[in-house]
Amino acid sequence: MKANIKKIAVLTSGGDAPGMNAAVRAVVRSSVYYNLDVYGIYKGYDGLINGDIEQLQVRSVSNILSRGGTFLLSARSDEFRTKEGRAKAYKNFKANDLDALVVIGGDGSFTGADVFSQEYDVPVLGIPGTIDNDLAGTDFTIGYDTACNTATEAIDKIRDTASSHERLFFVEVMGRDAGFIAVNSGISGGAVAMLLPEHNWGIDDLIRRLQRGASSEKASNIVIVAEGCKLGSAYDIAAKVKTQLDYFDIRVTVLGHLQRGGSPTTSDRVLASRLGVAAVEGLLNGQSNVMVGVVNSNVVYTPINEAVKTIKKIDAEEFRIAKILSI
Amino acid sequence: MKANIKKIAVLTSGGDAPGMNAAVRAVVRSSVYYNLDVYGIYKGYDGLINGDIEQLQVRSVSNILSRGGTFLLSARSDEFRTKEGRAKAYKNFKANDLDALVVIGGDGSFTGADVFSQEYDVPVLGIPGTIDNDLAGTDFTIGYDTACNTATEAIDKIRDTASSHERLFFVEVMGRDAGFIAVNSGISGGAVAMLLPEHNWGIDDLIRRLQRGASSEKASNIVIVAEGCKLGSAYDIAAKVKTQLDYFDIRVTVLGHLQRGGSPTTSDRVLASRLGVAAVEGLLNGQSNVMVGVVNSNVVYTPINEAVKTIKKIDAEEFRIAKILSI
Amino acid sequence: MKANIKKIAVLTSGGDAPGMNAAVRAVVRSSVYYNLDVYGIYKGYDGLINGDIEQLQVRSVSNILSRGGTFLLSARSDEFRTKEGRAKAYKNFKANDLDALVVIGGDGSFTGADVFSQEYDVPVLGIPGTIDNDLAGTDFTIGYDTACNTATEAIDKIRDTASSHERLFFVEVMGRDAGFIAVNSGISGGAVAMLLPEHNWGIDDLIRRLQRGASSEKASNIVIVAEGCKLGSAYDIAAKVKTQLDYFDIRVTVLGHLQRGGSPTTSDRVLASRLGVAAVEGLLNGQSNVMVGVVNSNVVYTPINEAVKTIKKIDAEEFRIAKILSI
Amino acid sequence: MKANIKKIAVLTSGGDAPGMNAAVRAVVRSSVYYNLDVYGIYKGYDGLINGDIEQLQVRSVSNILSRGGTFLLSARSDEFRTKEGRAKAYKNFKANDLDALVVIGGDGSFTGADVFSQEYDVPVLGIPGTIDNDLAGTDFTIGYDTACNTATEAIDKIRDTASSHERLFFVEVMGRDAGFIAVNSGISGGAVAMLLPEHNWGIDDLIRRLQRGASSEKASNIVIVAEGCKLGSAYDIAAKVKTQLDYFDIRVTVLGHLQRGGSPTTSDRVLASRLGVAAVEGLLNGQSNVMVGVVNSNVVYTPINEAVKTIKKIDAEEFRIAKILSI
């Protein structure tokens, strides 16, 4: 059963992620393909509240496929969390004759979308765009693969200097409460250990592991610390290790925001392209208040509240592999 | 039921692929983890025939995780295709007291492994290492993701000059008889068309598409040609198009062997790490004459002859997406 | 003595080069800094002939510093080579009340500028933008450093596969009649030989060198062929070598247009920034019909015809170094 | 007058820099070219003190040209600062029959070399290897160009997220007491301001500049802070700015050690190659206790104490350009 959708709008919300532009491009181009009008809302929900809305054409999304960030701009909107904010947003939604809304973002953005959709009976479709990969309903989120590669390239560079000086480096990577970037860039960067939010690896385990490496004359060591790690920041953990293993020459690097930028990888561009098309096709097929994802190579639509509430787990297998390889 | 494996050997064979080193490292480290002796065979099957074999330690695979190519070297062995060649190989296999063989390579290498395994009742385990992604029994082969990203980065650069001069570029990518690199780098690079071995897109379709773009003032066009495309090489196709659309300023670039090299991506390193561990664990668990792969995120073992004979298909969905987005 | 310049125009012409955008940005921003009006002419001289001219603001050049290509577009104009074409161009020049013209390009573009400047007494200032580095009056041209790095990265990738298979690769790089990219990327990529337009290295020398390497068991060899090499294309030379050294496993890669694209390096962005500012300041100081360059770290202005006619020589020292290192 | 040099040793000392491997390779290969024996000393001066010395062959430096770090390892030696330490070092120097020493490093390493050379009348030749570019007697030090490009690429990525969120970023770059990396990556990254050790730009100037940008609706701002900046760390400065301009959404990233690693750029490889050859030729020509550098494209030899004591100045012109372009 086809929904009666003629005019859709798209926005990017929350922390930006590489591939968001590719997703917007796919939403715009597939809208044109299906003869829909498509509008861009600038600065996330704030743009909907303030009427910062503009019709987009195929031309509007030329040459953005390869670019990091989001040309629609993004923000976390406090006002949209209020009933009044959402009322203003809906007013602009109707004033522009919009039939549906595509939201590219993470869980905070989707929670807002969920509330809005229910309050005003607006068809909303979420596309998972966050480097953290912390959304259920999709194997991967847009931006995650790029962030992992950015982290890996940084670790490779740090490895050069760690090896040259036989040092121990603590490298803090992003991921909020999830350890996906940490475990993947850790395996990929040959880390001796990864301290994740999801595991209760204590300082003592880490110290034993470092001692064992030292006794076998392992020349350099890199420990990955996820930003959500409960043992503290990379600086905290480095300080604790130093008190017990003072023969190590220790350095700390916090990779920071560069993990959010950069030209998206092939995987992220292809994923963003698929999800952008699937979002438009989902709306045309009557989907509403769902997030579109790719699970086992297939497009699936998951109710937004389910995608947000379910906690996605790190693959236990990957963590097991990491332990075997870091002997 | 555990197999009685004490000593294994590993070789890389056929065309090299980024991530082969990461796979060898994983085989070596997991062998050490499971208290096995592990040997490296140099230059593929030729090294087995010539006794170019050496024990490897954890140290032997330091600092190779991030490197393209294969430090074990690779080759296509004509001698191993002969009964005499395989007899020599088996003699060295026994002389070194080897219990099992891990082969990292593509379908040609696996066919050899299959014959050898059956002739001499040697446990052989294949790890799919080829940029072409043309093996059934695994969603992705080692090196494929890196090759796609290398092709995408090259296309991005070509796009700069295509846009600046409003030109039409034909870019030929690798992949032998399979269009995987072509379709993925095509979506990722925003190509107007991809000419694949698997599809009978004619020159006429291409010309119609280019004419349509020209009439809507599309400024630059990139057409991806898979090396196995039945319409001819990128040069052939460009020449045919030129005769009919002489107002286009046309250039051709054949990406060539740079697609085989480079530091592997995070995905390829993680995949290689998983498969390397799974190969050793498979042998310990009595697997023989199988290829290990990852399907829907799970490790699976597929009989080698099945992996080689089944033709893996391009995801029709991806090709559909590509058509929608290239309007 | 200050010239009476109020309104200047800038165009990019000839083959595009990474850093052209950075140069345009510097021209625009320094014009605004000096309270000049600044106009962009699209598609090189053709845009001047056709009146494709638009005023630029600081905002017009936001976010272009890091981008390859030229947003002003470029072309080689046949019409501007005719008296009639230049007459049309001058008509538009006056119609827009322009006082001076900044031309970013190579020798072909500068020759046109020279003629135009003399015919119509128009102050013209050239900025050297070409990957070929073949202009006298400047140590480096904009885009050259980026092209060398692009070539080097490609050679590094090819080295991975050359080493893994113990192959001999012929890699053809750009540079038209000049061997700058070839000699620099050759030293940088560890090539065994570089065949340049400027040197009469014969096939026999090359073969002797390859034989010597083979006898010392050099595992892989990369020979760089400049596109202007008088011995023929990389394919021609490879074929000649094959007839005499048939034990080599030979491959050829022509890097092609990807050398023109990509985000400019730090050096190219800084050079483009300096030259863009110096162009505007030169015009304000009464310079006309000169090319601005950087020689020994200082800005210098050279009469355009001198910059074009003088043949810039490859540093003999560099070639000597290359020979010593490729033993 | 030729010196009687038959056997030379090479070491890398102090902070590692990309291109050190390329310099070692050039020293080794040119030594072989000139029929000298060449030895590698591991871990800097500590290796000389401890006799960690090994003869090197052409083969020893295969495939290191493109690698960051230093395979000879590096360290800052406390023991070499003592008379006893240097005595041990000299004992090993004589025990190995060495005639001369090539030291690749920065000012600390050269000061040690200077003392050693004078105490024991040992011919010492310094090659400037440091990302900081803070040595007189050479236009550029090995590693500086790579570090600038690494910083620029990181700033480009940060720009993506700064633009998408209209944020103000403070990015801290390396360089110790010198602002070379800061000013070059600042121009290259389009920074609104660069806070250098060499300039007394106050917080007030910075605030005025940011206010001016805000009033002209500049969407994103990046301020580069050199690590040696006297106003404090990037965090300190960000905090001060926040108290006065609380409407800015501010983030801080400290790039850290990743600036030391990575594959060297073409410029750094070519520079390292030239200097490595020139070091060996200098020793053969009787040079002693000098640093070899490249000034205005020519090789020059400068007495080590002069190279160390002279403070190299930031090009005032560059800083002026930066100010004009950041309007």
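Note that the chains are named A, B, C and D in the order they appear, and that numbering of residues resets to 1 at the start of each chain.
In the analysis below, contacts are C-beta pairs under 8 Å (C-beta built on N, C-alpha and C of every residue); 3 or more make two chains touch, one makes a residue touch a chain.
Heads up on the chains, UniProt names are A, B, C, D = ATP-dependent 6-phosphofructokinase.
Nothing here was measured: the structure is a model prediction, and the numbers come from that model.
Under the contact definition, subunit A and subunit D share no contacting chain. Note: Cα superposition of subunit B onto subunit C, rotation of 180 degrees, nearest 5. Averaging C-alpha coordinates per chain places the centre of subunit B 36 Å away from that of subunit C.
Centre-to-centre separation of subunit B and subunit D, using mean CA positions: 39 Å. Here the CA centre of subunit A is 28 Å from the CA centre of subunit B.
For subunit C, the set of residues touching two or more other chains reads 156, 159, 163. Under the stated contact rule, the graph of chain-to-chain touches is a ring, a single cycle where every chain has exactly two partners.
Contact residues on subunit D toward subunit C in their complex (touch as defined above): 25-26, 29-30, 32-33, 58, 62-63, 65-66, 139, 145, 148-149, 151-152, 156, 159, 163, 184-185, 187-190, 216, 219, 263, 265-267, 269-270, 273-274, 277, 296-297, 299, 315, 317-318, 321, 324-325, 327. Listed in rising order, the residues of subunit B touching subunit C in the complex are 12, 15-16, 18, 20, 67-70, 73-75, 150, 154, 156-161, 163-166, 169, 251-262.
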